[in-house]
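Just below sit the structures, each encoded as structure tokens.
One chain, chain A, links the two complexes that follow: it is found with chain B in the first and with chain C in the second.
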Partner chain A sequence: MATPITHTAIPSSANALLLLGRGVMIETIRRKEFYVLLIFMAIYMTGILIAGIVGVENEQTLVFLLNLGISFAYLSSHLLALLTGARQIPFEIENRTIYPLLAKPLSRENYLFGKWAAVTAAGLAVFAVLLVMSYLPWFFFPKSPSLSIPMMVQAVLVSIVSLGMISALSLLGSLVMPQGVNVTLLGLWFLVGSTAKNLVEARAMLSGNGEPLKWVLAYLPDFGLMNLFTRYTDGIGPLDAMQFLGLLAYGAIFTGCAMALSAISFNKRPL
Partner chain B sequence: MTTPVIDVKDLVVDYGTGSKKHRAVHGITFDVQPGETVGFIGANGAGKSTTMKALMGFVFPTSGEVSMFGNRCGTVESRKRIGYLPEVALYYPFMKARELLELYGGLQGLRSAYLKERIPRLLEKVGLGGKDESLLKSFSKGMQQRLGIAQAIIAEPEALIFDELSSGLDPVGRHDLRSVLMELKAEGRTIFFSSHELTEVETLCDRVVMIHKGRIVTSATVAELMKPLNVFEIVFQLPAGATMPETAARFNPEQDGNHWRIRIENVEAYSQAISQLAQSGATIHNTSSKSRSLEEYFIDLVKNS
Partner chain C sequence: MKLWQSVALGLLVMSPIFSTRLTPGLYEGGRSRDEHDREARNSSALATILGEVRTNMSDLMFIKTERYLHAGVAYMPHIDMDEIASSGEIADKPKGSMDFAAKFVEHEAEAAGTGDDHDHHDHDGHDHDHEHGSPGTLIPPPESDFRGLVGVMQRAVKPWQDPSQPHVHTTGKELLPWYRLMTLTDPHNVRGYLIGAWWLKSQSVNKDLDEALKFVQEGIANNPRAFALKLLEGNILKEKERTEEARLAYRAAAELALEARPHERVQPFIDEDKSITLPDWTDYNEEDARAAIRMAVLSEREYGSTDEALRLALRYNEGFLGDGRLRILIEELEGGGPPAP
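Coming up: the complex of A and B.
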């Protein structure tokens, strides 16, 4: 059947993705936390400008400033994705905005996938802006530092997958636990989970019964593995192809599992 | 045979599980045919919103079948030709009216070029003309409800489902809304709505489905429903020593001094009583007919159940 001239020819799932993405973007831009991030970044940039006037004396200082900026971009984009993802569905249910939305020809899976893509895209947009700003000190330094560009590309790509992973986990958490608990647990896990996991594993190995625990902990996502920026600013070269693809697959598997569980939970849920 | 727009068969909806299980809808059956305007009325907690949520696929039937245009409810296919206004809905406070309608219209598959032209006209129609660029956090409850109606009709759907239609609207808003509905009805769209404004139901509906404590108690056209609601009253005086004529005696005459008063719901019985009273030499002081409103009927029904 021909599409009526009033109707778009874009397939409905792609259309839903674009529209929900636009909605989350509008929300991200108009909510306070985005401006808080901008204020922090403005403070950082002011510091860089002062450093530029005073003079960035050596490569170590430049790399330190770069590390600081990138870490801020990485942390804040992930935390923003977490906060945005965690509130999407509870907000829609609490304010009943979900009813007119799901009354349209939009399946629950498309709604969920659209929210995930939108939250990831919002985190990515913040990450991109802040990452570009992080390179500002470069302009004040006479020669380029000896950092590996392929490593940087790998770090950026893995970060994108990591943003997708935290978005999916925050959506899943929002369906199975209260919003505050979800944000606290996932936030703590993102910030210190990798260290905690290593500590627990090390203690268990020392006491001689580490294997089962190690096996269990492997099922928890390790965000520490997904942050390659320290490796980049430390001047280490890129991962080999298998390691790099393995990391991408690691993130994709956790994202896929979280989304599948979210879809199962959301489809069974009366609204 | 025409496929009903809405077809509900033996619908049962339970909330909760185990000891907290509560049955909200007890096996109801009704349908809505194309082009009909059907009012769905009942007291708070009667099961109206649950039934409507089951129609939209927001809650799942414990048993029974619910379909729209022949498609199982809750499927994308079943919602393609429907516009829905929820019972109470707030809209994204961070969005502008235009952006919200672009979102909903887009999800209905409408082109952005078409929406650009349609949205201002639609806002005008629901009494929100010039509010395109206003943030929704500044909208009152009544304005949100008007916006809700706009989002429901944006894609000019064949059928409309409105839950608590005039909720939050002032008298002017209700009047405007009635005009919009009359227009939609004249265009031949199927309308199924719940409302506590029974005069609205009486004015707009072809048929009324009444639900009480999760069960359908009446499903009839407004004319059928209003027929037994007409009450004829005769006030008369009998000559000394005369006996009460048989027809009049059947209607439990009430004595008030020298006068008698009877109330009759059937027009033929009323004519018979008048002629028998005249034959028996009674003096008829007053005759009147009084129509009970749907509201009075509904209140009696709820109080007596």
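Coming up: the complex of A and C.
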């Protein structure tokens, strides 16, 4: 006896979110950025393979290569999340694909949340793949360097939160400024924001009014705080619980705020 | 505005209360900052192939300082920060050499009558008599340059001198902005503070102890657990003849060193008389820590009380077993030893 085919006329919100996520993942794989990253990583791995044949001279060089690979994974996944997040809503509006989505029982907030989760997941998938690949130099050196596994776990968890943060900020940016400006500003801030903050803070401290400025600058997200991989490759032990939880809370607060502001802006936006 | 949105924004408003206290980059040692590791990386052919890519910006700045020190002439990567800091010389690091702060303290200790007889480097940036290698220049000399006219032009246009000739060293004054920039962009760059302050106090002309003290104190404010900075502060204060403050600075340096030193992991290296290669505690950290405890005892003997100096020495000896210099000091103090000069 044939099984009756059932149709869901209107997908539930959860189904809609899953569909959104699937769409973002497919789009990410189709975009050229993904392949550019793969090419870069292939160049890195070729270099590592050559190094493996020539021989990694010492432990310091091994750790240096490891740091280079992990830093590349961290940087690439964040930039990919930024680029993916920045184009989601503008492209959907431009292509008018947002209308059938919002016509379904899917609130604008849920739509935003779905986009954020999908962009973060895309960044995370890239990060996971590149992170595993960055451990390739390990196989070409007989002695394992002393690195803290708990520190590695902390660094990865904080990076996940950091990916969520950059995804949320890129979505917010896409709602309040043109795509090019959003990508440029957020990209620059991600790359040099921490150094710029340090510089301004240090100058202000010298002139005696550092504390108020330090407080004001704390409202700008500091991605430098969230990258713990140099600490890990430096062979330093894990952060204490307060610092670690503080970093997770830091990322969560900025993510939450960016999502809140995005929701406010998106709800007021006429489509 | 919905409740969750209000909560998120409210938390952001309050977040500086804890976010200004987040300091995951604040730690002693570490491979990327350690000079021994830095040299090992720099000696790697692979690192050279990667085009002087380094793990952090300050490492690049250290390379820049080498160029400045040689009046723009680019020698092969050959960085020995101990030598640069102490004498302005680029040289192969001799085995078993110690950190420049420790070298200075050894010099001080000798002046106080407890040091061994061994060669020391002068600290005036000019006068040095130690042996050094002769690293090649990045632009090759005519006899080994196949490029003909292009090579001639490059040697004429770029700063260059024959690598077999003695190096021309600047006074180190030109390096100071780089150390300033290093510490501005990374306030936890303890080494940047140490070497910058060292150069400031070591200028033969316009020696600026006040500025050096200000610089090192800024470093201490940003890195309150960095005992090497406290040690250097003590040295500067001593030179300024602010002896009581110097005594307190040395004491603080010794206490911080005691706290920071991972005794259980370090002691086996000392007992087996091998080089310490822990990522968070290397030979350099050990030498600085030993210099700190010795200077704390010496300054206490010189400017405080002998009884207190003996008490300190005995206490530090529990944590620094195997320090011969400290044992000699203890013997001297117990026997009423030679008075401080």
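We adopt the following convention: the second predicted complex is superposed on the first by the 259 of 271 C-alpha atoms of A that agree within 3 Å, B and C clash if a C-alpha of one lies under 4 Å from a C-alpha of the other, contacts with A are read in each partner's own complex, and residues count from 1 in each chain.
Everything below uses one rule, namely that a contact is a pair of C-beta atoms (placed from the backbone, for glycine too) under 8 Å apart; a residue touches a chain by one contact, two chains touch by 3 or more.
Here the structure is a predicted model, which means the values were calculated and not measured.
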Joint occupancy of chain A by chain B and chain C, clash or fit: fit
Partner chain(s) touched by A:P270 [first = chain B, second = chain C, both, neither]: first
Which superposed partner A:L188 touches (first chain B, second chain C, both, neither): neither
Partner chain in contact with A:E27 - chain B first, chain C second, else both or neither: first
Chain B versus chain C as contact partner of A:L68, first or second or both or neither: second
Most chain A residues touched (candidates chain B, chain C): C
Which of chain B and chain C A:K104 touches, first, second, both or neither: first
Angle, in degrees and to the nearest 10, that opens at chain A between the C-alpha centres of chain B and chain C: 160
Minimal inter-chain CA distance - chain C and chain B, angstrom: 16
Residue ranges of chain A touching chain B (in the complex, touch as defined): 5-8, 12, 15-16, 18-19, 22-23, 26-27, 30-31, 95-97, 99-107, 270-271
Touch list for chain B against partner chain A, complex: 15, 53, 56-60, 76-77, 79-80, 82-86, 88-92, 94-95, 99, 102-104, 106-112, 114, 148, 151-152
Chain C contact footprint on chain A (complex, rising order): 47, 51, 54, 56-61, 63-65, 67-68, 71, 145-146, 195, 198-199, 201-203, 205-206, 214-215, 218-219, 222, 224-225, 228, 230-231, 233-237, 239, 243, 246-247, 249-250, 253-254, 256-257, 259-261, 263-264
For the chain C and chain A complex, residues of the former touching the latter: 1-2, 4-5, 7-9, 11-12, 15-16, 18-25, 27, 29-33, 37, 40-41, 43-47, 49-50, 53, 55-57, 183-187, 218, 221, 278-280
